[in-house]
Each structure stands twice: as structure tokens, then as C-alpha cells.
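Note that the chains are named A, B, C, D, E and F in the order they appear, and that numbering of residues resets to 1 at the start of each chain.
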Amino acid sequence: MGFIPIVIVYMWSGLSLEAKQKIVDGITKVFEDLRIPKEAVEIVIIETPKENWGVGGELASVKFKQIKPP
Amino acid sequence: MGFIPIVIVYMWSGLSLEAKQKIVDGITKVFEDLRIPKEAVEIVIIETPKENWGVGGELASVKFKQIKPP
Amino acid sequence: MGFIPIVIVYMWSGLSLEAKQKIVDGITKVFEDLRIPKEAVEIVIIETPKENWGVGGELASVKFKQIKPP
Amino acid sequence: MGFIPIVIVYMWSGLSLEAKQKIVDGITKVFEDLRIPKEAVEIVIIETPKENWGVGGELASVKFKQIKPP
Amino acid sequence: MGFIPIVIVYMWSGLSLEAKQKIVDGITKVFEDLRIPKEAVEIVIIETPKENWGVGGELASVKFKQIKPP
Amino acid sequence: MGFIPIVIVYMWSGLSLEAKQKIVDGITKVFEDLRIPKEAVEIVIIETPKENWGVGGELASVKFKQIKPP
């Protein structure tokens, strides 16, 4: 082993299990392509409610009212 | 656009929506004052329970039992 | 005071209060042993569900189905 | 004291000392406006080179070649 | 736009520009595959020296002396 | 293995190698005492210059001019 990337992903709450699996899958492969063994890759997804996000000075719960997480 | 600050704010759980709005508002303005366009500023508020905070070796849930978030 | 370490601990959800106390206690002492006053040490424990962790390309909720947090 | 926000700010490398002071100043005031004593506010600015940022799939060092930090 | 993942990647210092580009590229695509527009994806790579990593109680600079970043 | 804590430690720049070793050593033991195998514990120390820290609205480089890291 050796090289050990840690990846913290911040997203809105409400991800489906399938989306989480795809994120973990996909990001792990990015590092495998760099010849880092997949056992070495750790990923943590931090979900926080939309109203805890600010973009352009607005809460995401207001600005992106209609949009749902994948 | 271009310069893109990311701001992660860790606080105790229980913030009011108004407090969140003020945090997002205020922090965004700090960067606007530095001539960074507000669209470029992203803020995430991570709320964790008081008992997940340690200050001076004590859990905040014990040390600051009486204190409530804004 | 002066030197102020901030420690963010990412773990699976479900820690007992006792485990949290031990983590805060123990980590604070590590810095006291470096002559940093304990008042200066801040620790935040971020708990996220097992299914938000990826290790070796698998969700921890699948890979470590049997394992429970302390 | 009691309520202790921790704020991590990620920005490009190359901030002037004046900009850092303004960021610390401004963000601290945001929390003072929420009646959190300023002693309780801790801010860390993490500067990373432009080429360590990806926006829209491009490195910021390419996408925003002309833009300088404040 | 709307859904805005922030991804913080912690790695050892010494990544080549090519590796950084591949990381940004690859991770952005993971989210595009979830129908998140690529403009919405922000990635920051935090490089820290090997001697700032601890794995299994050992500094990575000792444990993985021979291993180089991609 | 299974339970995998990730610990991010933010400190001022200038830690001695000995201090880093003690931090890694000590924090790893905290989790071993919770029966988490030490191989599972990952620690990253992020050092940033004193002038990138704000405490009580002041830069640490001003407020704690005399103080040196361990």
C-alpha cells in the first residue's frame, strides 16, 4: 500500500444509496488510474441540509428550491 | 469569476434559519469587500451535537450545558 | 494560551457518549504532553452513517456490515 | 464563552497579509453579530496553489490564469 | 446549476501537474455521471508532506519511505 | 479492520518531527484504547502559517508573536 488519499465530499442531504455507491466507486477508480491501490482510498460523504449551504449569499434552500439531490 | 473561496463553518446543532442566513450573508460580504464576486463564495455549515465537541478536555454538552446556539 | 490545535475527527455514526468522552479526553492529553494548555485544544467529532464511507471502492455499510462503533 | 465556531477558509495561495486580516476581522464580526463573543471564534485560512483547484473539470491555474488573489 | 459538491482531497506533497489534472478530471466526471453539471463541481487538493501523515501509528515518511506520489 | 477514524489536525507551521511523531502516536493510541486496530487510524496534520489563523478577531501572528510551536 502506501499512498493514501483521503477524500471528503460535501453534498446536500438526501443522496440515494445508489448515488453514494457511484460516488465511492467513481472516485476510487480515479486513484486506481493513478496506480494507487484501491484499498488505500478512503472517502467520506458529508451530507448537510440545503439550508446549511450558502451560494452567492443565498441559502441553497431558497436559491435552488426545486432541485433535488441525485 | 475566478477566485473561489470555500468556507466550512463548524457549529453546534440547533442554529435557527435566521442565524444560518446571517452567517451566509455576512461571510459572503467579507469576500465581496475583497472584490471577489459573491457568486464565487460557497459556504457550508456543518452542525454537530454539543456532545461531539471537546473544549479543554470536556465535552461541550457538559461544560456549556446552559448555552444555546443562536 | 496561544497555540491552538483544532482537531476534526471523522467517524461512523453511533458512538457512545463514553467513547466521545474518551476521544476528547485522550486527544486533549496528547497536546498537553506537548505543553499546549488544554483550554487551547478544540475537537469536533463528525459522525456520518456507515453508508457514507467508501473504503477500497466499497461502502462501509456493505464491507463492514457486522462491525459496530465503540 | 461557550459557543465556539470553527471556520476553515480554503483559498488560492498568495493572499496579502491585509486580505488575511480582513477575512479574520470580517468573519469574526459575523459571529459577534450573533452574540457569540469574539474570543470564541477561530478561523484558519488554508492556502493552496491555483493548480490544486479544479472548477468545472479544469485546473484553476489554466482556467483563471490572469486572476490574482486579493 | 444548483447542486454543488465540494470535494477536498488530502494527499502527500509532490503530485505532478498531470496527476492533479487527472484527479480533477476524473472526480468531476463522477458527478457529471450523476447529472450534476460540471461547472458545479469544486475540488481542492491539499498536499501535505509525508511526515505529516500518520498511518497505524507511524509517520508515513518512515513507513512508506520508498513510495513516491504519482 | 473495519472502523476507520480519520483525524485532521490543524496547527501552526513549524512543528518538529518529534512533535509530529508524538501527535500521531498519541492520537492512534486513543483509538486503540477504544479497540480500534491501529492500522485503521489515519491522521493528517495540516500546518498553516501563524498569520493564517484568527483568534478573537486577531491574527495569531500578532496576538501570539512570542509563542513557538512544539
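The criterion applied here is as follows: contacts are C-beta pairs under 8 Å (C-beta built on N, C-alpha and C of every residue); 3 or more make two chains touch, one makes a residue touch a chain.
Computed from a predicted model, the values in this text were never measured in an experiment.
Of all chains, the one whose Cα centroid sits at the greatest distance from that of chain D is C.
With centres defined as mean CA coordinates, chain D is found 13 Å away from chain B. Chain B and chain F, compared by their mean Cα positions, are separated by 21 Å. For chain D, residues that reach two or more other chains under the stated contact definition are 4, 6, 8, 10, 23, 27, 29, 42, 44, 46, 53, 55. Of all possible chain pairs, the ones that touch are A-B, A-C, A-E, A-F, B-C, B-D, B-E, C-D, C-F, D-E, D-F, E-F. Residues of chain E touching chain D in their complex: 8, 17, 20-21, 23-25, 27-29, 38-47.
Across the complex, chain D meets chain C through its residues 4, 6, 42, 44. Residue ranges on chain E touching chain F, taken from their complex, read 10, 46, 48, 51-59. Within the complex, the chain D residues that touch chain B are 1-12, 19, 22-23, 26-27, 29-31, 33-36, 53, 55, 60, 63-64, 66-67, 69-70.
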